[in-house]
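Scroll down for the structure; my scribbles are underneath it.
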Amino acid sequence: MCGVKIVTIGGGSSYTPELVEGFIKRYDKLPVRELWLVDIPEGKEKLEIVGELAKRMVEAAGLPMKIFMTLDRREALKDADFVTTQLRVGLLEARIKDERIPLSYGFLGQETNGAGGLFKGLRTIPVILDICKDMDELCKDAWLINFTNPVGMVMEAINRYSNRKKAVGLCNLPIGMHKAIAEILERPMEEVNVTFAGLNHMVFVTGVYMDGSNVMDQVLDKWGNQTVKNITGIEWDSRFLKALGVIPCSYHRYYFMGKEYLEEALENYEHNGTRAEKVKKIEDELFELYRDANLKIKPKQLEQRGGAFYSDAACNLICSIYNDTRDIQVVNTVNHGVISELEYEEVGELGCVITKNGPMPITSGKLPKAVHGLIQQIKSFEVAACEAAVSGDYDKALLAMMINPMVGSQRYAIEMLDELMEAHKEYLPQFCR
Amino acid sequence: MCGVKIVTIGGGSSYTPELVEGFIKRYDKLPVRELWLVDIPEGKEKLEIVGELAKRMVEAAGLPMKIFMTLDRREALKDADFVTTQLRVGLLEARIKDERIPLSYGFLGQETNGAGGLFKGLRTIPVILDICKDMDELCKDAWLINFTNPVGMVMEAINRYSNRKKAVGLCNLPIGMHKAIAEILERPMEEVNVTFAGLNHMVFVTGVYMDGSNVMDQVLDKWGNQTVKNITGIEWDSRFLKALGVIPCSYHRYYFMGKEYLEEALENYEHNGTRAEKVKKIEDELFELYRDANLKIKPKQLEQRGGAFYSDAACNLICSIYNDTRDIQVVNTVNHGVISELEYEEVGELGCVITKNGPMPITSGKLPKAVHGLIQQIKSFEVAACEAAVSGDYDKALLAMMINPMVGSQRYAIEMLDELMEAHKEYLPQFCR
Amino acid sequence: MCGVKIVTIGGGSSYTPELVEGFIKRYDKLPVRELWLVDIPEGKEKLEIVGELAKRMVEAAGLPMKIFMTLDRREALKDADFVTTQLRVGLLEARIKDERIPLSYGFLGQETNGAGGLFKGLRTIPVILDICKDMDELCKDAWLINFTNPVGMVMEAINRYSNRKKAVGLCNLPIGMHKAIAEILERPMEEVNVTFAGLNHMVFVTGVYMDGSNVMDQVLDKWGNQTVKNITGIEWDSRFLKALGVIPCSYHRYYFMGKEYLEEALENYEHNGTRAEKVKKIEDELFELYRDANLKIKPKQLEQRGGAFYSDAACNLICSIYNDTRDIQVVNTVNHGVISELEYEEVGELGCVITKNGPMPITSGKLPKAVHGLIQQIKSFEVAACEAAVSGDYDKALLAMMINPMVGSQRYAIEMLDELMEAHKEYLPQFCR
Amino acid sequence: MCGVKIVTIGGGSSYTPELVEGFIKRYDKLPVRELWLVDIPEGKEKLEIVGELAKRMVEAAGLPMKIFMTLDRREALKDADFVTTQLRVGLLEARIKDERIPLSYGFLGQETNGAGGLFKGLRTIPVILDICKDMDELCKDAWLINFTNPVGMVMEAINRYSNRKKAVGLCNLPIGMHKAIAEILERPMEEVNVTFAGLNHMVFVTGVYMDGSNVMDQVLDKWGNQTVKNITGIEWDSRFLKALGVIPCSYHRYYFMGKEYLEEALENYEHNGTRAEKVKKIEDELFELYRDANLKIKPKQLEQRGGAFYSDAACNLICSIYNDTRDIQVVNTVNHGVISELEYEEVGELGCVITKNGPMPITSGKLPKAVHGLIQQIKSFEVAACEAAVSGDYDKALLAMMINPMVGSQRYAIEMLDELMEAHKEYLPQFCR
């Protein structure tokens, strides 16, 4: 059959119009025949709102792209070419708990790499591994493009506990950093060659090349308060950045400025609401907009949601795989020796040549010794979390909590673990056996 | 010339009677002909008190061991066979600052691996490297046995920035853990084979063997509140220990129970005085005792000082090198592939066969993935600290402070760095250039 | 100044018309303003013949490309953008000795990785390192594109003993293998994605991808007698290839079929002349053709010379660096973790993204364990040869000879070494000190 | 039950009196209660001759050691403490084929690391793996001490394909090298500390220490024609040894002087008989002696057999495990990072502290780069041979043959493989499926 079949699991997400816009823009290179939006019963209403908006967008664009909405994942997966996952087990309510419970003990929850991230992982990994099994059966040659956080942990789980090789993890952070660097250098992005290495939400820029020279020093000088929507921008000290020698991402602030961000988060926890609560509010507003039958394009307000460039990142990746373009994109995949701080078969976030056969990592030089420990610590946290998620072993979950660099307390590790376990028990059947 | 010449730099330390007792006990195997106690002018009074006590101890033992006291280090080093270093640049006053200044910002100073440890390293490393140079000139075949903290950082500095291969770092922690394990198993130490791997004050027991079987699980069950004099014993959670799979040392509490120890330290900071202040009090009392011309043995009270087994550790090591006994002891030396988480030429704390040619590391199995990050983080902290100490580069010192796992704040890293730099400037000439 | 200045050292080579043709074909993308052909006094006659032909070719093409011929290397290098090296120290006469002397003892000389190759390296490396020094002074931002054999050894020498980072080694073998594989699969080259890893003349195809699948097995089945002009094609046994799991290059026959090739070479040695002697005959005929003032294009006969695709390989590489095209080409460069059998900073032959800043290696998966030894052996041979070439240390040269897998005899290693040393002494001044 | 039960599989070997003598000498430290000599029906006669001699030896020594002779391996293994294996599948007749068939094609058979060694491995590995299974069932805490060649390959097979961790491989070569070095230095062995690293029959001395200094250079100067009984001593060139920087073992001559040894072996093949044939003659004479009812001690002539120090090596090892002596011996065991050229879990031959829990490898420094290739090549040969032995896959066996550094011919690899496969088919049931 001609054209591409795409399945989006968690299709009722507020991000979906981003994706739809991306597919519309690239229709000549990536002829999407069918787009299946899949969700769970609890998400049915949102799915319909988003799905109808998608239909209006496609119609307005005058393209023969069919939009399907379904609660039957297996029906959707049949013969898919690409499957994207943007699901959220337990919805935003669960994220609110991931953030508020740790804060109540005086710790950052941080929905990707902190105590909250651990529980997001414990809830999400079994679902994603189920999707992998379904795909092996129903569309074995399809590519899984995972946006679901914690992307690093989820990809490591797929890598270790599924048979799926055709899976790539994606985050909009590197593309944002690339854009910011290009702006600092006052050049179009394509004239600035930026190399990345690290883990998801723990990625570093290791080189910036322009006109055949390394211009890292120029950028380090002017880096400072670059950040993403989710994180406020306390400025980096340029003496530190120079001694470090690589450019940190916004999430590194949670480690190198943990105390500052904890203070801010505690302030929000008590007075303004956590990030999750803000996101919930934005989402509610977005869905109000989406309902409007006159809306036929992605609304501007979506940009505040924090997922800028997701559409570009995702659609570019799918487009490059489909067309075997062999251009370079930053994705989460097995590093194969490129990040020498990781094991050969472990997942990293790094620049890759994108081929029809998937991403092939490109070397980006050694990370500075000063960050090896952090990289290892997060990777071992991810691995312990995967083991806990798959086995349902309480002690493994405790180990993950204890080695998380944002925790550092045995007493509170246990207390937070127990309260989060109880709070999320509905989504953690593996721990109830 | 017959017999052994030993030089102890920082000879006026309250620990010296431990050493003297050790040499007396082992005289038949290790015939010490001359023991030179060296100190700096500020330590002259203590040197004389300790030196006189040492003379009385030797005399009481009826041995022909000569005790020399001198402020002239180079005179003492001439033709030495072993040089031990137990110096403290800036005396206990400096340690008090190392602990109190970080606490005033809400951080653990921790005189070995924390912010305080960084400054102890910055003050100490140049002095130790000078001693190495003197040794190369005056007693090139002698062995340097370093007890000076931070032992790991100091040994890494010797390894990277001196020509001295004949240098070993020593800590009493492993021997204490071995003793505690043997007690748990109700066996004499020599019947329990314990393997160690890690860094100084960051060492793990990786295996416990008795009667030809690995009995690690029995020990993990009963480990719990084993600790050393310097650290109070909050109990380890046995579920965590089992998931970890190795036995942590007392100092690991600063990482895995950092919040708990910070609370305790802040309490002491405000009410009871920090560890350094307590130590100062104990030391004053000890020197009162040492002055007593009737005292001819090591006084029992020395044990409270926290250096239990130092004498055994040090004298055993010297004795084994001298006699080429090829027994196993735990020391700080270049790991040569035995700790696969470190670079081949980096210093670790690990079990070694002790030969006349120095320590030869023994394998002890892989450390669990869960601690790779911590090991790397402390090693890269040590390396950054060494670079800062040798270069006098402020940015490198800031880097070291920023990557220290007990800090985690850019704002306070800078503030603490600046205040500590000012407080210790007398001992940090390399940063004033 | 507008346009590109290219300098070709060894410009009087019979290969030059290949290069000139390549530059002409790509003039729109790579506007060569000046092409400087440099040679030594002994090569003056050939330089003029080739240079005149080049001029006629450019004129016939109607392009404003200036051809310069000079014996003054430093004059030529001034402000160059690219420097290509295709020199042959001692000319073909030296190659004849490299081949005949080992054969007289019953060993393959093999001008790249055998005993002959060792001496080609010993003669060539000092000259190349001199060129690097000149470039650092006269055209420090220029790229050195080295075709001179033994490419692997020469690149390792540049990597270890020069300051030049902007240097790439090039061989036509991978492009030939890619073409052969595409033919087997009956597809255009660009539709077949082929990954390479190894060393120069010791490279393996590690993956063949078509339409998103690995089709290695199809190729292994039909590989067999693919080879290059320099080597006759004894067929590979397909059972061996399948067990090996990667595709060997033609030169691997010297190791896996050493006895067969030795027999053939001995036969040629006694009756038909060695490869060097044949090449000399071809070259003489080529220069006869080149002299013809009516010849204005590259003559067909050049293809027999063995350098098929050199022009494509070289001009494509220069063109991609110049235009920052970021396409994938196979070159010799520092592997940076991509070939895990090599040290991080050692040179390998591998697929790279070609940028204005040079090649960035792409991962290609692990080489099979069965070839690790061979790779290591050749790399250590290269390294020992480099050390000998730079130091002029006889023992190091003997070591290189002894560890060469084509030798395997102490007695003959010494005898060959001595006879080759004597035969080439004019070009080995470093060994006469 | 008091005392030790030892089982010797291949008990009818001519080496057995060595072992018995060793047990008698060490009876006070290693009280052998029962020694079970096990053999197969074809070896029954020899078993009885040797067994009776053993009984006479024990009786003459006045010790309560019981000797049992049996063809029932499982009966013997029941509750054993140590099991030694010195078996030879196919007896010396098979070894004669292993040597003669390759020689008939012009290749060294070399019963450990050559084409012959491959077949010895293919015959032996399944038998040893069976013994491991029996031990798991009948005496799971017993130690397997394997002398059976090719020791490296057999140990790698146990490591990869059995559950047995309590297994050590042993060779008399290192102890012989240690003795020879001590003689060169004119000192008792215990005063000379020698470090070893490598593989079985591919081991190097990496350091020689005396009186606290490295005296390697003195030894390299005088090494030269040290060898073992099995190999004649062509002298090493001292310039090569100095450039190499480590001391090779006798078997290295097969690689570095392969041509010389091939010539010698071909000469013997045609005129004097191969080593196997000589050994057979010696063995026949030995058994003549053993039959003599008056013989009550190990006869002097046994020393010509080539197994000098086997008794010392084996009995010392058993004695040290039994008594947890923690002295250093050179054995074949998993290297655990000590030989950085091997994978962490691969078997090497290296110095170990011998404990009740088995050998713990000691670091011995990096092997020189010049030998990495050879080590890798032999290790990958061993691994391919193990895979072939376990799977019965012809292609894997061909791969092993092809990558063996003594072969280097595709045509003859196939021909030799086929002829050897046919010649030994009785002992290679796994290839007949």
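By letter and in written order, the chains are A, B, C and D; residue numbering begins at 1 in each of them.
The rule we apply is simple: contacts are C-beta pairs under 8 Å (C-beta built on N, C-alpha and C of every residue); 3 or more make two chains touch, one makes a residue touch a chain.
Not measured: the values here are computed from a predicted model.
Greatest centre-to-centre distance from chain D is found for A, with centres as Cα means. For the pairs C-D and A-C, the count of C-beta pairs in contact is higher at C-D. Centroids built from CA atoms put chain D at 56 Å from chain A.
Computed from the mean C-alpha positions, the centre of chain A lies at a distance of 45 Å from the centre of chain C. In chain A, no residue touches two or more other chains. Every pair of chains in contact is given here: A-B, A-C, B-D, C-D. Interface residues of chain A facing chain B in the complex, by the touch rule stated above, are 106, 234, 236-237, 239-240, 242-244, 255-260, 341, 369-381, 383-384, 393-396, 398-399, 402-403, 405, 408-414. Partner chain A is touched in their complex by these residues of chain C: 141, 193, 195, 209, 211-214, 324, 326-328, 335-340, 344, 353, 355-357, 360-366.
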